[in-house]
Amino acid sequence: YADKIRIALAETPSDELAAFFVALDRAKANGLDYEWTAFADEELAIQSILSGQMDIGFGTPYSAMQKSKAPIRIIFQLSKLKFFPVTTYDYNKLEDLNGEPILLHSRGGGTDSIANVIEDKLNMKFGDRSYISGSSNRVAALLAGQAKATIIDLSNKNKITASHGDQFHALPMFDVDASDEALFANLDWIKSNSADVDIFVKALLSVYRDMAKDPTMIRKETNPDGPIGELPEEVLSELDGFYADAVAGGLYDINGGGELAANADMEWYHKAGQLTGDFGDLDINDFWYLKPLQDAN
Amino acid sequence: MYLFGYKLPGMSSLILWGLLWEFLGQIEVSFFLPPLSAIFNTLLEIYNSKAFVRALYETGYSFLAGIFFAVFIGIPTGILMGKNRFLDELLLPWVNVFMSAPLTALVPVLMVLFGFGLKSIIITTTLFAIWIIILNSRAGVMQINRSLVDMANSFGASPIDAFIKIYFWAALPEILGGVRIGFIRAVKGVIIAQLLISIVGFGALFELYSSRFLMTHFWAVILVLFALAFTLSELLGMLARRVDYYASKRSQ
Amino acid sequence: MLTRSFFLKILSGALIFGAWEYAGRTGVNYALPTFLESMKALFDMTMSGLIFEAYADTLRPLAVGVFISSFIGIGIGVWVGLSEKFDWLVSPIFIIMQAAPLAALIPLLIMAYGIGLTSKVFVVCIMAMPVIVLNTSVAVKNTPSSVKEMARSFLGTEKDVILKIIIPAASPVIFAGLRLGVSAGFIGAILAELKITPTGVGDIISYSRMTADYPSMYAAIFSIILLAVLFLNLLEKIENFFFKGNNQGYIS
Amino acid sequence: MSDQTTDNAVSVKNIYKNYGEIEALRDLSLDFPNGQLTSLLGPSGCGKTTLLKIIAGLLPATQGEVFVNGSLVTKPGPDRAFVFQDFALMPWASVLRNVAFGLELRGVNKNEREDIAAKYIKDVGLVGFENSFPHELSGGMRQRVGLARALSVDSPVLLMDEPFSAVDEQTRRKFQEDLLNLVKNENKTFIFVTHSIEEAVYVSDQIAILLPRPSRVSEIIKPKGFRNKDVDSIRKDREYLDTVESIWKSLRTYVE
Amino acid sequence: MSDQTTDNAVSVKNIYKNYGEIEALRDLSLDFPNGQLTSLLGPSGCGKTTLLKIIAGLLPATQGEVFVNGSLVTKPGPDRAFVFQDFALMPWASVLRNVAFGLELRGVNKNEREDIAAKYIKDVGLVGFENSFPHELSGGMRQRVGLARALSVDSPVLLMDEPFSAVDEQTRRKFQEDLLNLVKNENKTFIFVTHSIEEAVYVSDQIAILLPRPSRVSEIIKPKGFRNKDVDSIRKDREYLDTVESIWKSLRTYVE
């Protein structure tokens, strides 16, 4: 008999978490008892795991793992860093942004690291970086004419290019395999609750695989009384479109990331400056605990 | 405020502002500002949904608990500080510290101490409300007419008696002013706590609606909050008017 | 007794910082650095000049915002306290401002005022102004009427009565509000830097949190609190300097 | 109103004053001749303060009119200065500032008004307390601050509400002398509320005796000649004692 | 201290009191015999209120001791009631509650204390104002509320700081009679501050004349016999006038 596992979400339940909750429901059917708490941001979720108040968290705690030396390990990649530079028609390729101001999420955050890597790869330099958190807020700033270029997530990119395609377009971008969101927990906890973790990981994998075949299964399988089912109709009606786009855009890895993702992450976050030290010294086992995923596969 | 000899209730000016809002909404100055009527429609749609009722309950509960502590700790603390030099010297620097600390930044510490649950939310709410209550009570007490204190003492008032029957009443206009503002701040506090600590209650609805740009939903929740703040503030305002008759008659 | 109060401050400081150090050392939370680690980070920042650069950025919207809020806030507060009509018309606005969850409104501000200084000043004002206005109006309503009568009989103009009677008489409560307003302004400045564009101290906080450099984060928070407390003490000195007779000392 | 003669500095015509249910003044009329000192004597709570405030323009009458030097009173004016029964000092201001406050409001510059204030502080015997605050003074000293403030603005009409109630006999005598000098040399008009029949008889040109609430004037007495008598022997002066006694008797009958 | 005899209800020994720089009392000693009325006469600001507050236990002396019925005073006690110079009424409470407040603090139940209060309200002539608030009263009426409050607790020692300064002569006379009845029938001890020499001479068993600040007792005068004389004729009584005159003379010399 295991206690309820406590899951720390990094945002409030919304369309992006629908698949996750479907997986949780499947896991529950297999005997996993859980409760969840939504935190304001990733850092708080990470902190709650660090302090042992929560069991499993949501986020990409690479620098926390390296700095705090706490035995925190990632077990599953939930989504990839699929972000897109969206600009006015003043720019047609990334290189055009050389020296131009750009709007990002937050300093040191995911979009910031994307910008760093773009600079690195294309040997260019953005101008002033301003920060507004939330892709939708950046879209608002774009629409209000406060900025000409930004980096936003997949669903907002699709929305703005659909509604304001005459003003804005997405610039072509190279592929990124690094994680945006991942599931992580304290290693000791993982080991002593391996049964629960296994159920959980299996459920996630099964959902990701089913979803790849039929994105509309998420909407169908969503519990109408659960946190997603309670969302306003306006949000629910967009679920199918969101997951169709996401699957098409490669947002989810049907294998849960694993070693591939781990290596991509280390390379990415090192390049982006969140992991420090010599790249050769980074050890995959300091960041990932691969066993549950390997077992499930 | 009187109009044609009728006393207008305190909140009635809101009708004016509401009309202005409706007008701005109708001429579509910004999609952030939908017409008030649309917001009310949305409110009617969602007010008995499960999510809304739960949010109302969660928010109401933490709010009431938060202001309960703010009032019952804040007023006595403020009075004691105004009265007792030792306590004041001991506490005032810390009152200043907590007051000026960005509460956002203190929240992580709170979470370490009290966990992520309701307790932290209640404490954050209390922290939003309590400082103005303390400071106003203190200011009120420090300007009490000394003769009144002497009078109570000369009749052998016990400290408790003096506290309840003199200090509290003599400083009541200031205290009520503080409590009123404290309550209004607590409304904000409870939402911020719900956003910062764990996203529950109205905080969760906010986050969701604003990130999805469901503007009418978003404003509907805000309206509910404003209504809450107003009702409380008006209730206290009514109380305050009952002491107005002597507030300005206190000689120094 | 300056020495005693100073001693008390040191003592209570030592207690709290000791507790912090202890909590940091026991490692209840990886995210809580010890007091000494934080102080070292602060020292490093000071030596590298980082902190000064940061404050050069932070203080600009803060100073402008606080200045505007104090003057306009007291002005409006006095007016609200004097005129029933004006009270009826505008105090709901300030109650709304006080209760509004600011974080939710920031997108709106950005839409309207961009991501530069103006938005930040606005955030500071929205945070600081309501409490100043509301407290001032309460205090103004409670001004002793016999002193007002005196001023009128000696031909005080409306302006004289306001400047020379009402404001000094209300000053203890106005200052209590001012202190809260100013500290809310500090919070607003940081919030603006966290939420609009990370510059100055807000940037240090958010960046070091992002990179899990917790000592630096706490050092930055500590420095802003320190600054706020120093400023509030200065405010208290000003109050005591201008309205010395109001300070009758402690009762017991 | 053109029927106002300048003989009367202040003239009160058919004043009524109600505080809600309570009728304080009913149809009260009274003239205050120019350059004279008029005392108001009457039972506590009869409306003396009310009348003074109406004359000062601080309180509107329910009905009736007040003229000062022929013009209708609607608000306070530079021609009247008030000594308040409850002193009405500003607790945040020093004695010097409190005394100079009337001048400050009239725009007199700082040096000048402080010089004037210093003179009146000396006159009321508060030298050395210029920088004290009201809460550091005794009751009588506070009263004297209020007195000095009213004197320093040098108005032709002074409205004094029990101005000497809290000072000792000695000081009171001195103030009475000062008052009489002002009446004599500077032609000021005083309206003076007191509860001391002796004082009223000694200093007044005329004494108005007020009825209990709702109040009006029941009698006007014009004592004379006592002012020039020796202060020390007057206490035993027959005529003086008779006048006091007769007022005392008439007051008693009204107050049943 | 065993050398305290019960003849003295209150006994003040070598009291010093400094307010910061200001020396208010210096080495003041004075006995207040049991069942007698002692008046304190002295220039404004000399320290009368200060002395009363020290006796009441409201203010610590800088040096020296006060005994009430043989025991050292360190704090207020039920054996002493105070009438404040500035009335000290609670603006938020009705006249009835203000008067009953002393009893309320002593835990008397509501009905009983309101009955007692009603009686004293009647005694001071405020019937009909039970439910008024202090700001609706005139100065003299407020003073009477404070008086009624002190009387209602029925303490053996009454400390009265200029209790009649704001009431009219007629009321004052009545109160003086009431006071004397209390002294005579109930064996109460009164310590009475006044500025009226006449009043002091009329009501007192002994009069202590205080020097200007820093104050101590300069002289004790024991007038006698005037109390039983007819109130109306006393104003002209030779002996009475002589006593008043002699005190007046001696006060004048002190106050230069």
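So that you can tell them apart, the chains are marked A, B, C, D and E in the order they are listed, and the count of residues begins at 1 in each.
Note that in this section a residue touches a chain if its C-beta (ideal position, glycine included) is under 8 Å from a C-beta of that chain, and two chains touch if they have at least 3 such contacts.
Worth saying up front: this structure is predicted, and the values here are computed from it rather than measured.
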Could you work out how many touching-chain steps separate chain A from chain D at minimum?
2
For the chain pair with the highest number of C-beta contact pairs, give its two chain identifiers.
B-C
For chain D paired with chain E, centre-to-centre distance based on mean C-alpha positions, whole Å:
27
Hey, how far is the Cα centre of chain A from the one of chain B, in Å?
38
Cα centroid separation between chain C and chain D, in whole Å?
48
Contacts with two or more other chains occur in chain B at residues 108, 112, 146, 195, 249-252
Among all residues of chain E, which ones touch two or more of the remaining chains?
86
Of all residues in chain A, the ones touching two or more other chains
47, 51, 134, 140
As the complex stands, chain D meets chain C at residues 53, 56-58, 75-78, 80-82, 84, 86, 88-94, 101-102, 104-106, 133-135, 149, 153
Applying the document's contact rule, which stretches of chain D touch chain E when the two form their complex?
19, 22, 41-49, 85-86, 136-141, 143-144, 161-162, 165-172, 195-198, 232, 235-236, 241, 244-245, 248-249, 251-252, 255
So in the complex, the part of chain C that touches chain A is made up of which residues?
28-31, 106-107, 110-111, 114-115, 195-198, 203, 206-207, 209-213
Residues on chain C engaged by chain D in the complex (per definition of touch):
146-147, 149-157, 160, 164-165, 168-169, 171, 243-246, 248
Quick check on the complex: what are the chain A residues that touch chain B?
9, 11-14, 37-40, 44, 47-48, 51, 53-54, 134, 136, 140, 225, 230-232, 234-235
